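Each structure below is given as structure tokens.
One chain, chain A, links the two complexes that follow: it is found with chain B in the first and with chain C in the second.
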Partner chain A sequence: MKKMMMLLMASVLFLAACSGSDSADGGGGSEQDSNKVTIWAWDPNFNIAALNMAKEMYEKENPDVEIEIVENAQADIVQKLNTGLSSGTSKGLPSIVLIEDYRAQSFLQAYPDAFHDMSDSFNVDDFAEYKIAPTSFDGKQYGLPFDSGVTGLYVRTDYLEEAGYTLEDLQGIDWNEYIEIGKKVKEATGKDMITLDPNDLGLIRLMIQTAGAWYMEEDGVTPALAGNEALKQAFEAYKGMMDADIVKPNSDWSQFVANFNSGDVASVPTGNWITPSVKAEASQSGKWAVAPIPKLSVEGAVNASNLGGSSWYVLNGDSSEAAADFLGKTFGSNADLYQQLVTEIGAIGTYKPASGGEAYEKADEFFGGQKIISDFAGWTEEIQGLNYGMHTYAIEDIMIVEMQNYLNGKSIDDVLNDAQAQAEAQLK
Partner chain B sequence: MGRMIEKFNDHGLFIKMFLVMVVSIIAVSVTITYSTIRMSERLFMDTFSITNTKVIHQVKSNFETFSNSVATAANEVQQSGTIKNYLSQGDTTSLEMAKLYYNTHVQMDRAHLNVDDYELSMMVTGVNGRSFSTDRANWVADEEQIAALDLTKNTLEEPRKLLYQLDTENGAPMIVVTKALIERTTDSIYGAFYLSIRESEFKRFYSSFTSEGNDLLIMKADGSVLSSNRADMIGDAAPELLNEAAEIEEEGIDFREIEWQDTRQIMLAEHLPALDMYVVNLIDQEVVMDNLINTKTVVASSFLIVLAAVSIVFLISRRMTKSLSQLVREISALSKNNFDQYVTATGSFETKQLAYAFNDMLDELHNYVEELIQTQKKQRNAELAALQRQINPHFLYNTLTSVKIMVQQGNKEKAADTVNALISLLQNAVGNVHETMTVQAEIDNLKSYVFINQVRYGERIQVSYFIAPDCEELHVPKLIIQPFIENAFFHAFNQKTDGFIHIIIFKEENTLVCEIIDNGDGMQIDSRHALPDSRRNRQLFSGIGVRNVHERIKLLYGSEFGVHISSNPGEGTHIRITLPIISSNNNPKI
Partner chain C sequence: MTKLKRIFMYIFLTAAAFISVFPILWMIISATNQSVDVTKGRLLPGTHFGENLTNLLQTIDLVPALMNSAKISISTTILSLLIASLAGYGFEIYKSKAKDVVFTILLLSMMIPFASLMVPLYRMFGSISQTMPAIGIDTLTSVVLPTVTTAFLIFFFRQSTKMFPKELVEAGRIDGLSEIGVFFRIYVPTMKTTYAAAAIITFMASWNNYLWPLVVLQSPEKMTIPLLISNLGSSYSPDYGVIMMAIVIATLPTAIVFFLMQKHFVAGMMGSVK
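Up next is the complex of A and B:
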């Protein structure tokens, strides 16, 4: 009887042991780590590739710092920065962010406390002067200048020849001469001279910077549209192209690229960052060359301008010291990195000590043996520094509409006066 | 084996009781546990279905908002003359084209405003090879590639319909809403409209409502899955689900339980009439239950309760049955002990009461039995006494005849003595009311009897008396010795003609011993008839025999007293009567 009881008890205990539930373990939360540097940038072929190179170099020396590179569309970055910064929290924002120079001031002025002062992290004098004004604010250097937006006139030498021109004829010309050449080219080849997106006035910006003018006054805030001689000439040149019927319109980047890759246009006046896209059509090798950008025929105008270009900014936060150190030791002072960037990506930096290197002197067979990097570097030094101010794109939106009015026959003075009035009303 | 059975019998009550209790406890708790789980499942399923019905309505309304926006955007594009020109005209002057491009951009932006809330891109392609996209990065950028897609072909086949199609071939799954752009007057197609949204983006309409085991699917009318939080199902065909969904819609029920992919699922469905699609919600019962009802805990806790209950039942029933079975054991052993051993009263109140009652009953029984024995003894005694007192009429007749002869012979002296002896004998037998008499009186009585016998049969048998002096005043039952003298007279001397009879009375320890010794014929002691019967007509008393004496003594004084006879043929007989020492007449026993 006792044995039976023991058996019963034993089986009961055994069953009880079996039914014990297994406990779940809690998940660990992610902690903000001052040694983790997150970077946001766009364009995998250009900016992201450059970052990866810098990361590789930096991590060799500093293995304890973790660098995370996140690719985001530029519009997304702008939107997220605006959202994050306006809510006053650095949570969810990266340590380093790439910002286009045109937009830089609007961020720096709106959220000066959010950005890390980089004055001590690199030597400002090592960089092209024209990059300093957009990247600094109130005497402090916030941005570390990155790529150059230095422009050139990419031309099809074969079409030029058909129209009876050589590359020599394009040196030091102004936009009116450019239009004349365009007419000839169209006459001779049936090809349009230029492709334009009516919704993007990049060409106007490029034109007015040759004259050292901008949409705004030096203070970066006051619209300077009415009576802006450079702007007036730029508009006239733009309309001149239309009237000359040498423009092939496009509606976006892909059509833009397609238009010159397909051989439908004879020239592309734009920033040097277009080089990889031009070279993408390998069948056109040897048919391209790069001339200096045409200038406006106003006093002080030069055959050099800038379009686009961006710079690195460090946001204040736990890892801002590590982020500043990363930028200072890579893009801020490493000439080898810039050599490598040129060689592997074709990216031209604005770091002056690197501009004399071997890579800069290399001839490019695609461009008929032209040393285009060297040429761009030379033009870079000529670019007139500008304060792009806070409202470049806001004003441009007004200009796009007014440009249509102008094309429809409105007088140029009315156009600019109206634009001035709208801009003042809107930006007040 | 036998021992085990015996043990089982011993603990039978306990085992039966305990087993019944254990079985009932387990049965009850299993039933309760099971029904608790079932009930909570049911309750949970009901509430879940109600919430999910609301959720699915919400999802439906999200979709309707979305599809309305999409339809509006598509309509605006369709109605825009600028866009029609953009897509159908050939190249003109730069100025005109620039205006057209610009205006197209403006129109597309305006149409896009309708769907600004969603992350998507709109694209149009035209018969003239032109295209416009609000964001080429979002989807396929190449016009030729788009033209080659199946979804373009589908669009051209059904030009009037807004088609929701899934594109899984170009990277991440994309949901593309397409429509052919038609010139209304001529009914000719001049382009196509594409609105592309990443499936992952599309999912956001409902993904916040989903969880593991709670899946949502958007099914097209052809049975294919357009979008689902389960990535593995996107693009799959599931016609059986579509049938179920159609039935749910038709019957107007909220939900139905189905077997799908070998699991039990609750299915909810809602028709989107504008799109001819179904929003299907599948709830995997097992997964959801596992997350919400911790069956293990419920079972474990009821198991612990069962364990505790069984232990308590074990202890209590053991205590109760232990005393009870002890009682039973003692009672069954009682018969071996002549009912004079009480049972021990232990254990619970009931058992104690039972034991007390049993002991009381035992007492009663004892009293009753004793009383009965006493009554029977008295009755027997009375019978025997009555028998003793019956004087044999033959004896009287013979004696009187002897006296008459003595008188006729003139032997007056002897006749007077004989009559005196007879008188004394009768006086003692009839007149004395006491049960006992002194040894002295008994001897006197005997002497009278012997005298009469000697008168009648001569003096060839000598009788001698040896009475210890301290015994003379002791009492003996009446007529105890007389039957043996009578016996000796009439049976012991049939062959021998003369002899003697000795009567010896003495004390031996605490007994009074009377010995009647003769030297007559003796006899063979038969084991059956230890004491011979009397021959009637020569005896003094008709009813009394030697055996009666023995019986009577035992009746009166107990079995240690009685008559013992030893005899050998030819050597005589030795009778020994043992009696208690009774010093006075007032013996309580009689």
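Up next is the complex of A and C:
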């Protein structure tokens, strides 16, 4: 009896102690303070590192503003933001949050009152045009564009040479030519041309953006799958790769990375953010190069596309003025910051005035002396802008299933019509 | 024939044991390897144990997070054992017409997924924060309170109490013990193994709890271990060696708790009173 009572008392005291220290340090309950800016972002080596640089620069000139950077996984941020915003309590939400461009519209359209209008905090024309549509809503600019998801075709030049090609042969090609080259590479080296995860249609997304097309109409809510010429071609190219037997399948991110680290695939068409993972295998230094991304053979398609990429958003609250000022003075207008981002963490921004600088012109020995940053920056400006709309990932879930049906022999028109019908039913 | 049967049984059991142990083995091996080797699926122990550990300690605040997890799990376990066992005992020992109705409602609440309770719960803690910030959003207490007892645990204690001899209760009453005295002096000591089993289940669930702490905890210094591990994995270029190291460390406490109470756990699952 005594023992149990002691235990009970101990646990109550223990709880009290926990909560006591909570109120003492007051870490969380500080939103009344208009000079404290809390920021949520993911990836310590990339976004968080970039924030730390911006913080250092800003605090030098604005010592009275306190900036707290909180690291959360991207999926976790989405979860927390959805719970917080839909419960209607602003308590606990940050002043600034990083949101992936594909998801931005779903937040902006669902909670338009929660976000701070950034139109006056920076000059929209300074940023790559393709970033503007996903980050604005109803004529107002809510997001401050951050990293470029500009894509490139990372390719093993040694495998290419064995198959009788040079990097020159990969300039300005379309996906059909890519498949042809892939076949030759496989013949000569036995290596697959590409690695794909059947549950991630990132490749389809980057393919259709070369043609300026998307899963949705420009209004961002109506599915545009049936009769979408770009999508049709992208599906055909995907199947073409499968049929040509030049694909090494992977089932998750770590296998994806392993497939090119181990030298099993000859090329990786993806976003520039993969550079650190490619360079992680130091023994392959000098064997890689980056070519422009192949395009679809649709009229108006360009050899430039985007995959991923995020932007900063300010949430309405006591500290939103300070937060907007912080973003405007750092990521919104500081060309030096962008130079530093490139040199120190390899992050390519979408701030146009920065792209002429010295850091962008540096040759990278890992990529055979290619000035990859400058190439990526050039491609960034060519990317076709489009509104990703609200339901990118919901539609992608439908497409993943339909892609399997297509690979199993269903006709392309049926596939897209069925996907359209499902999307319309689901997103009503 | 029986010998042949035995051989097949051992082959089967070895295979089953290998399948369940392999992931743990691979996790420990990977904690000693570089990220590149982990993704390539290297199965041999490497030499990067120290390096992964130093990197881990540099990238995240491991010790405070372990402390947070420990505070939450220990208080949740103590409180929920006390509350759930009192409830389970009451449901079984005392007679009331309403109790079966109440119990059915309680069991039905097990069917509601937590995800659907999350937004209302968050709202609730949002308004609690207005008046009592010490137990509102972004405090360790707010993680403990909603999980402080579960319908499952009450059910578990009620089922175990079914085997508890009611004569003991009556004997206690005749000897002059109060109702609370009967519970603490007779019931609790008799049901030790049930408590051990329940403690393991609750501690593990609380230690690994992810969704609610994720939503309700905001400041970095209050994060629990699963949240930090989730952060490690979200990078564009994750270091798998470091992640595996973090998972090994996060697994240790539950493993220790389990092995300490393993004997009681098995007995508790079978029922305390034979």
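Following the convention adopted for this analysis, the second predicted complex is superposed on the first by the 396 of 428 C-alpha atoms of A that agree within 3 Å, B and C clash if a C-alpha of one lies under 4 Å from a C-alpha of the other, contacts with A are read in each partner's own complex, and residues count from 1 in each chain.
In this text, a residue touches a chain if its C-beta (ideal position, glycine included) is under 8 Å from a C-beta of that chain, and two chains touch if they have at least 3 such contacts.
Worth saying up front: this structure is predicted, and the values here are computed from it rather than measured.
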Now for A:Ser87: first (chain B), second (chain C), both, or neither, which partner does it touch? second
If we overlay the two complexes on their shared chain A, which of chain B and chain C does A:Asn35 touch? Say first, second, both or neither. neither
Touched chain A residues, chain B compared with chain C: C
Regarding the shared-chain residue A:Gln171, is it in contact with chain B (first), chain C (second), both, or neither? neither
One more residue to check, A:Ser411. First (chain B), second (chain C), both or neither? neither
First (chain B), second (chain C), both or neither touched by A:Gln426: neither
Once chain A of both complexes is superposed, is A:Met241 in touch with chain B (first), chain C (second), both, or neither? first
Partner chain(s) touched by A:Ser254 [first = chain B, second = chain C, both, neither]: both
For A:Ser285, select first, second, both or neither according to whether it touches chain B, chain C, the two together, or no partner. neither
Classify the contacts of A:Ala73 with the two partner chains as first (chain B alone), second (chain C alone), both, or neither. both
Doubly contacted chain A residues - partners chain C and chain B: 1, 5, 15, 19-20, 73, 253-255
Chain C contact footprint on chain A (complex, rising order): 1, 4-5, 7-8, 10-11, 14-15, 18-20, 22-23, 25, 27-29, 38, 42-46, 68, 70-76, 79-80, 83-84, 86-89, 91-92, 94, 253-255, 257-258, 261-262, 273-274, 276-277, 280-281
Show me the residue ranges of chain B that touch chain A in the complex, using the header's touch definition. 7-8, 11, 15, 93-95, 97-102, 104-105, 131-133, 136-137, 141, 294, 296-297, 299-300, 303-304, 307, 310, 314
Of all residues in chain C, which touch chain A in the complex? 35-36, 38-41, 59, 71, 74-75, 78-79, 82, 118-120, 122-123, 126-127, 129, 133-141, 144, 181, 184-185, 188, 211, 214-216, 218-222, 227, 230-231, 233-238, 240
Complex contacts: residues of chain A adjacent to chain B: 1, 5, 12, 15-16, 19-21, 73, 192, 196-199, 241-255, 400, 404, 407-408
